[in-house]
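Heads up, the next two complexes both have chain A, just with different partners, chain B and then chain C.
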Partner chain A sequence: MRKLGLGIVFYGAVALLVAIVLLPFLWMLLSSLKTQVDIVAWPPKFVFSPTVQNYYKVFEEQDFIRYFINSTVVAFFAVGVSLLLGLPAAYSIARFSQRRLALVILLARLMPGISFLMPWYIIFSRLGLMDTYVALVLSHVLIALPIVVWIMSSYFETIPIELEESAMVDGASRNYIFLKIILPLSGPGIITATTLAFIFSWNNFLFSQVLSMEKTRTLPIAVFNFLSYADIDWGGVMAASVTIMAPALILTMVFQRYVVSGLTMGAVKG
Partner chain B sequence: MNQNSYTDSSIRWIYPLPAILFVALLMVFPVLYTTYISLTNWTLTSGAAPSFVGLNNYAQVLVEPRFLQALWRTMVFTVSAVAVEAVLGVAAALLLNRAFVGRSVVKLLLLLPLVATPVAVGIVFNLFYDPTIGLANYVLESLGLPPSSWISGAGTVLFSLVVVDVWQWTPMITLIVLAGLAALSDEPAEAARIDGASEWQIIRLITIPMVMPVIVTAVILRLIDALKTFDIIFAMTGGGPGYASETLNLIGYKYSFEYFRMGQAAVILVVLFLVVLACSVGITRLNKRTAA
Partner chain C sequence: MRTTLKFGLALALGLGMSGGAMAQTKEIRVLLANHPYGDILKAAIPQFEQQSGIKVNVESLQESQLTTKLTTEFATNSSSVDVFMTRPLQDGKLFAKNKWYEPLTGYDFSDYPANTVSIVTYEGKPNIVPLVTEWQVLFYRKDLLAAAGIKVPTNFDELAAAAEKLNTGGVAGLASRGKGAAAVTQLSSYVYNFGGQYLDKGVAVFDTKEAVDGIRYYGKLVGSYGPRGVTSMSWENILPLFQAGRVAMWTDASVFYGQITDPAKTSLGADKVGIANFPAGPKAHSPFYATSWGIAMASQSKKKDLAKTFVDWATSKELAAKAMGANITMARTSVWEDPAVVAKVDPGLVETRAFVAKNGTPTDRPFMSAVGEARDLIGEIVLESINTKGASPQIDDMAKERVAKVNTLLRDTGEYGQ
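For the complex of A and B:
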């Protein structure tokens, strides 16, 4: 009997936890399907006849397809460049225990982005690079690169060194070993790093807010700009919020295992 | 063969070189440049060439009430948010640290706030907090409590923002601590159980002390990130009402990109940078000590 009581308390607590985590997502989704009349109703409506009008507005009137493409292009190239720069660096850090080097690259993850942003703004303006993909991608590499280096250097350390030693005995060069033996074994690590780097670039607001204008505007800025109208169109804003969150949430669900390991690895390893 | 051994011995600097150059160019140089700007009277609005003014900007900004209040507010926001996150996060981890039906689903759900776009999260909470149509006041009303002004009141805005940070980032601590708990050995707890210790005693005297290094690391990681909180505050209040929710990051942004007083802005950025750097040095020190 006591066990049953404890079970009820336990599941009650878990249910409360889940409800708190889910509530903002559910409310966002529900509100995005409401008409303006239903949204401003008091008391708040939990049952209503849904409409897709808000999504129509977001994609037809607000050109969200272009912002969506901008966000995708910036994240795609930022992650690509980060892998090109970060994979060899992470390998070297792991194999030669270059702790100090790791720390410098990690600093980019810890430092407040705004302390690089003002000089970038000045320099990119002078170079005529404001509102270009080049400036945005460069800034987003600084988000993605530390993630790639951090995750991949830990991952490379788990690959047994005997593998490399026996290849070396067979006369293989380091380049050959890295490209043909290590990288093909690193799929899970690369998936983790790519997924997280993509999500953090996708979600970035500050860099794009300052460095992009009409031409290269990314989704977070577009969603934010929705708020600046005199009468807030809550249905439209919520549809826009669903649009921006959906890719990151779906990626996370698909790659759940990898995302968890990536987010928790540093702290647990110590 | 010769060529091979040449690349082999130099690989330790050839491989990381591109990444090092990139970080030097886009991080180290800008930080030095910001420090230089903080010593000039540069404003983008006047059009005059910047001239060197020594520590003048520091003398001005460091005593300005608006700056000092932002500094204090940053500390209050960071410490209160992370304290609540630590307590709730560890409690949730202890709750979930057992086999039960639906555990993997709960863990998946915990991930979602961490990857949700912060700007959009802020906007959704704005709808919650809306004084006339928001769910927050509806809940208060249902409980028979008077409505709150939430983010539109100078006295409640910081608390309301802390709630958002707590919602989004508590799961981070929970997941890290859960991973730490999974790596623990069961033996000490089992031995204590055999000796007749209660579950609460085991948690308090054995489990929590054993997982403490992981908790400390998680908390410091959160501290560093909370110090830099920008997106939700910018999206929800823009630092308002008045200056009531202006943190260092916000005030640095406004001085740079709204007032274009680059010299003074740079002072704020240097201070923010130093605060974060001090915390980061702390993290490596603590890591070393717990690892030893």
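For the complex of A and C:
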């Protein structure tokens, strides 16, 4: 009997927590299907005749397909470059205990982003790179690279050094070991790092705001298309938010198993 | 290292070519705000391109993004912006001090009210063409006032009495912005009508008895009869409350009138919503009449003659008349005197504008470079006043201390006493 009572309390608490987390999402989803009149209605309407008007605005009146492609291209290349540079760096940091180097990389992440903006703007505009993907990709590497390096260096540390030593005895070079032994063993870590780096780049606002223009505008900036002077199109904002969140959400759901284990990786060393 | 370099170069080349701007001789870059007038310009630009042969690269941004972007571009001295929309009261002083506006010496300002031109004039030269003005009004629910047997308040005593009577369970008697810095603009008319000012000739003076009385009165009304949680509310929170029928009276800028009468945005019904002059105070009757948006040329522009052509077109009488049809309250005087144009504008806007054009105060905030910081400081007094319904004994001391701080800000930028 006591066990049953505890069970009820436990699941009640779970339900409460889930409700707290999910309610805003539910609200957003419902609002994206409402007219402006229904959105501001009081008391809130849970039964209403749904409309796709807001999504029509997102994809037809506003060019969200293009913004979507922009965000994808930028995140894809930023993460790609970060993996290319970050994986070897993380390996080196892990194996040669270059803690100071790791700290410097982290420092780039800790510094307020706005301090990078001015120099970047000067450099990119002098090079004629404004409104190109290059400027955005390079700036997003600053976001993605530290994530890759920090997750991967602690991941690499968990791989027993004995594996490498025995390979060396067999005559394998460092590069060979890294490419053929370490990387294949690091799947979960790489997936974690990639997912997180992708999401951070996907959500970035500050850099994209200044370095993008009409052609390269990314999704987080485009949501503001629905905010006019003294006028907010709540339905449009909600529909745009659902559109933006969907890929990040799907990505996280698919890979969440790895993400959770990847985040705790290296936290407890056995 | 070499692979990295190669990769970087390949990336740069590949992407650079796809996105790089093609150099053309007659081409300008224009930044617009997400604003109904910006939309009208955007829609009409193809026509302009055909007439003038100038290609316009237009980008429109939300107002705070616009300011961030312009500030970054101008501060690095490598901007390619030729023409931009700008907020004279929020950005004007800072931009002008840094000489980011190109003085508009050849432009004909005779069709603009003198008080709007004075606010965009720096060192004797107008820097911005005023586009849109707004003024403080009283929005009210005709049905609720009629049911309570109250006539529309015309002075502060009547306003307080009406707010008290209309404040019933589900409906707030009087709403106005309560969120610190955001409230400063809507508080301004209260301060003016009590005989106070934020700044007087470049010196902060909102610690005078008149100004403090205004702040206390505002706190008393909004704190006693405002919606619950009003101290975290700006217009974006109060507007939906009014649209949902939960507010009886609301003092804010005229720009919201369209949205509280539009059947696509509220189920209230336009016949239930009224607009009236902001009530008179004990000392004055001078609500703000502010130039909320203007358009300017960038001093860093390398194509000033093309930019000038665009500005002349974008501020033309024809476009202003067209905008008036969409209830955008333009700055140009002539469009308000043209019966054919005025016929298309809501009569409530026409009447309240006629009053402020004569009697209004041309700013709704401390007009200075560090306007954001100053608004934060004044906002703290507003919060204290609302939380204590205007009764806090600290308000006087807070005002004195904030005045000293604002004066320091003014000294820091060399605007003190100017």
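The definition used in the following text is that the second predicted complex is superposed on the first by the 243 of 270 C-alpha atoms of A that agree within 3 Å, B and C clash if a C-alpha of one lies under 4 Å from a C-alpha of the other, contacts with A are read in each partner's own complex, and residues count from 1 in each chain.
The rule is short, and it goes like this: a contact is a pair of C-beta atoms (placed from the backbone, for glycine too) under 8 Å apart; a residue touches a chain by one contact, two chains touch by 3 or more.
Since the model is a prediction, treat every value here as computed from it, not as a measurement.
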Just from the overlay, do chain B and chain C fit on chain A, or is there a clash?
clash
Using the superposition on chain A described above, determine whether A:Leu85 touches chain B (first), chain C (second), both, or neither.
both
Given the touch rule stated above, what does A:Phe77 touch, chain B (first), chain C (second), both, or neither?
second
Applying the touch criterion given at the start, work out whether A:Ser49 contacts chain B, chain C, both or neither, answering first, second, both or neither.
neither
Quick one: is A:Pro112 in contact with chain B, with chain C, with both, or with neither? Answer first, second, both or neither.
first
Is A:Val37 touching anything from chain B or chain C once the two structures are fitted on A? First, second, both or neither.
second
Determine, under the contact definition given at the top, whether A:Leu227 touches first (chain B), second (chain C), both, or neither.
both
With both complexes overlaid on chain A, does A:Gly128 touch chain B (first), chain C (second), both or neither?
second
Once the shared chain is lined up, is A:Met213 touching chain B (first), chain C (second), both, or neither of them?
second
Which partner reaches more residues of chain A (counting touched residues only), chain B or chain C
B
To test your reading of the overlay: chain B has the stretches 2-10, 92-100 or 146-154, and exactly one clashes with chain C. Name it.
146-154
Per the definitions at the top, what is the overlap between the chain A residues touching chain B and those touching chain C?
39-42, 84-85, 117-118, 121-122, 210, 224, 227, 234
Tell me, which parts of chain C touch chain A in their complex?
4, 7, 11-12, 15-16, 18-21, 33-36, 57-63, 65, 68-69, 72-73, 75-76, 78-80, 235-236, 240-241, 243-246, 253, 255-256, 259, 264-267, 292-293
Contacting residues of chain A [partner chain B, same complex]
10-11, 13-14, 17-18, 20-22, 24-25, 27-28, 31, 39-44, 84-86, 88-89, 91-93, 95-96, 98, 101, 103-105, 107-108, 110-123, 138-139, 141-142, 145, 149, 173-175, 178, 199, 202-203, 205-206, 210, 219-220, 223-224, 226-227, 234, 237-238, 240-241, 244-245, 248-249, 251-253, 256, 259-260, 263-264, 266-268, 270
Show me the residue ranges of chain A that touch chain C in the complex, using the header's touch definition.
35-37, 39-42, 77, 81, 84-85, 117-118, 121-122, 125-126, 128-134, 137, 209-210, 213-216, 221, 224-225, 227-232, 234
Could you pull out which chain B residues touch chain A in their complex?
4, 7-8, 11-16, 18-20, 22-23, 26-27, 29-31, 33-34, 37, 92, 95-96, 100, 102, 106-121, 123-128, 132-133, 135, 138, 141, 167, 171-172, 175-176, 178-180, 183, 213-214, 217-218, 221, 224, 227-228, 230-231, 234-235, 249, 252-253, 256-257, 262, 265-266, 269-270, 272-273, 276-277, 280, 284, 287, 290-291
